[in-house]
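Before any comments, here is the structure.
We call the chains A, B and C, going by the order they appear; numbering starts again at 1 in every chain.
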Amino acid sequence: MGLIKYIIRRLFTIFLSIVIVIIITYILMWFAPGEFFNIAQFQASAGKVSTLTPEQLQVLIKGFEEKYGLNVPLWKQVWNYLKDAFRFKFGPSFSNPNEPIEVQIARRFPVTFTLAILSMTLAVLLGIPLGIIAALKRNTWVDYVTMFFSMIGSIIPAYLIGVIMVLILSVWLRWLPTSGWESPKQMIMPVIAVGLGPLAVIARFMRSSLLDILNQDYIRTAYAKGGTDRAIIMRHALRNSLIPIVTIIGPQLAFLFTGTVFIENLFRVPGLGQLFVNAASQRDYPLLVTSTFILSLSVMLMNLLVDIVYAFLDPRIKYE
Amino acid sequence: MEVAISQKVKRVSYWSAAWRRFNRNKMAVAGLIYITIIIIVSIFTPWIAPYPYDEPHYAHTFEKPSAKFWWGTDDLGRDMFSRNLYAMRNALLVGFGSQIVVLIIGVIIGSIAGFRGGFIDTLLMRITDIMYAFPTFLFNVILVTVMGRGLFTILVAVGLTGWAGMARLVRGMVMYLKHADFVEAARALGAKESYIIRKYILPNMLGPIIVSLAFGIPNGIWIEAGLALIGMGVRPPMPSWGNMIGAGIGYIMGFPHMVIFPVLTFALTLLAFTYVGDGLRDALNPRSEV
Amino acid sequence: MAELLRVNNLKTYFDRYDGVVKAVDGISYKLDYGETLAIVGESGSGKTVSVLSLLRLIKRNGRIVEGEAIFEGKDLLKLDKEELRQIRGKDISMIFQDPMTSLNPIMKVGIQIMETILWHRIMSEKETKERAIELLRVVGIPEYKTRVWDYPFQFSGGMRQRVMIAIALACNPKLVIADEPTTALDVTIRAQILNLLSDMKEDFKTSVIFITHDVTLAMNFADTIMVMYAGKIAEYAPTEKFIRNPLHPYSQGLISSTLDINAKEGTLRPIPGNPPSLVNPPSGCRFHPRCVYAEEICKEIEPEYKEVEDRHYVACHLVKGGKFNA
């Protein structure tokens, strides 16, 4: 079946891309300003100001290198990492050597995933109807207002939206709490902040897609056949205009995951995004490489899912 | 060389017609005015700013806006207005600077791919496909980790992660123009390849390139601010909208002014560039009409 | 024969950035049951707009300014949306010019045929399905039983046009309007489609309004010919009268600009000039800038559209007593 072959081909491309990404990331890390020694010292002295002799320092460094597999040439390091990565074993991280990275990721992944799914659902469930309404009531105040807010929503980055929401809803109106991820009340702002951008983009795109379709000849044919506005919009216009929407959901996902990085940081949501930020600021290289890997893989797999859905919706694809 | 002369005449009227179309878009014009003002302000910031951006006034910390400190002070008593000016300046530097990098890399790679085709072309297409679906911000963070935190390195990092779109655009145009009818005609009349590139291909590519750059600037700005927000941007005390907001968040309940002003100027600047970008796109490409 | 349709002084204008385009500027004609009328003219003559106006399928920036279109006693231009909807597809149906874009690309062909029947609640769904299959057979689609569930892109241009014809005939309409149904097709396919339409005419006794820019085609196919120019009717006559005695210079020009395999060399004579602007039409007779016979009066006064012999109408100053006097 053409579809199975397509999926396999895509998985292969994803695999290749991820491998390349990991290799590049790993090599880049290798060139980064070396602070291994500082970290080694820190770990050894557990916070105390250390007064180690040069020999003691050497021993520490050796131990450190062994523990993190750094005592082999670069290419072997990359190879070791890759081997284990696809079995989801990532070894210890610099900042928290007692908890293997894969455990941290396992704990945090559901959080980010929930945030992403909720936001995307919001974006799609609200964005599409908004776009449709704007198109049907084209050039009226409804259209102008919706499109104006859509424009703003698609330009302003997620973190800015988050901050503005906090300003209005927490500081001024005192309706919602500023951080956390336990209660639904805490979840409202992060989900909206992450989802608003994609929502705006989807709404604008839906509007232009629908307007484009409504201008097509086959819509005129449908009217000539004696269709009602309702029947024509539902049976011809909507179905045809929804298919292109699926194509922009893909890039929106990447956008969305980037948003989670910021929003988790802002609202103290314990997900992968927060992990990534911590890793970056603490120079925790293994963690950094790994969280990049996981986040990228998630985006690529979700994109694949979207493409499969698209193939189901558009009958023309199946016959290629 | 009559062909060249008539081409020149066409070019002049193309740009002036585009300028006319641009002017009809009020929001775009407003955006352009705003941008011109902030560019001028940014150039003269060291002379305009009432205080240096790193000068603390320990007796006047957390002050609300007043006559002395127009936009209030932050946790170290530094003047928010001055810091905002410098933040804006940094943002513009990264915004414009990154696009120069994007332009150089993108045009070079795109032209080669478009002209030569073959292996480089397929390679470019694969790379842009990957980058299209990849959350590039992550890569920006990694690059900054490697290259260090500084205005220049950030600018380069943004450029390095953002050239793919430009390259694709250039490649597409070069491929189309290589075989376009009017180019074939010039070739048939005996024009040299370099002449064709100069007089025919390049002028026709300018429009979409300009639009792409116009949209790339706000992209660079938000990445710069985003990096600063998570602690990977320019090093304090150098201000950035990102680290001003990041620092202000902690005090947002009690002293929202620390956050409101950067948020407002940041948002306005992004909007202005986007409206101008939209205006440019409609002006230079009259077909887009919904 | 009884009268099916009467159009009185139809005017349809469009609003454009540079002015008002008077696409159709006052045309009147009638159509009987079973009659085939060919509307002939260049692009921009208003022929398509005039028939789209009948079913009120004009684009947003257009408006029907004036006129009546009395169909079986009811004025189509004044009906409310629902009444008009009931006539569209059932009593009057249309075949559009470009079968490529006039069919929904992602909807099965059978469904598109069935829609028009189901929307008018004529028969049950089961019966509708059978009727759709039968229609495909009638229009000559091979393997119609399976192809009815195919998508438009799986058909060739000629086949797609047959599908459009099937849709148009689905509810046995009294009037079929065909807008240049063969223009987008290869010459070899053209003949097949025209034969098909002829057969339909014969078998179902439908009235047909047939739009074309090809006057030869019109003369071969229609009972009556109506020549339009710049939004107005230049000449209207039963085909035999038209062939024997084309009165308007434009009609004469159209005929002599066609190729005749029997004619002597050097008799190919195109009509000079370009179609006029519809925002700012020429003064007086709109054809005068291109008319080799134009006189002073033609530049100043618009000629009256009147009957000059039995059922033969023309708008030209130089026609007196049923004869053209140059």
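The working rule: a residue touches a chain if its C-beta (ideal position, glycine included) is under 8 Å from a C-beta of that chain, and two chains touch if they have at least 3 such contacts.
The shown structure was predicted, so the numbers you read here are calculated from the model rather than taken from an experiment.
Comparing the chain pairs A-B and A-C, the larger number of C-beta pairs in contact belongs to A-B. With respect to chain A, maximal separation of chain centres occurs for C (centres as means of Cα atoms). If you average the Cα atoms of chain A and of chain C, the two centres end up 56 Å apart.
Averaging C-alpha coordinates per chain places the centre of chain A 23 Å away from that of chain B. Contacts from chain A toward chain B in the complex involve residues 17, 20-21, 25, 28-29, 31-33, 151-152, 155-157, 159-160, 163-164, 166-167, 170-171, 178, 208, 211-212, 250-251, 253-255, 257-258, 261-262, 265-266, 276-277, 280-281, 283, 288, 292, 295-296, 299-300, 303. The touching residues of chain C, counted against chain A in their complex, run 55, 57, 85-90, 93-94, 96, 98, 101-107, 115-116, 119-120, 151, 153-154, 164, 167. Chain contact summary for the complex, chain A toward chain C: residues 216-218, 220-228, 231, 235-236, 239-240, 243, 314-316, 319. Within the complex, the chain B residues that touch chain A are 130, 132-139, 141-143, 145-146, 148, 218, 222, 225-226, 229-232, 245, 249, 252-253, 256, 259-260, 263, 266-267, 270-271, 274, 290.
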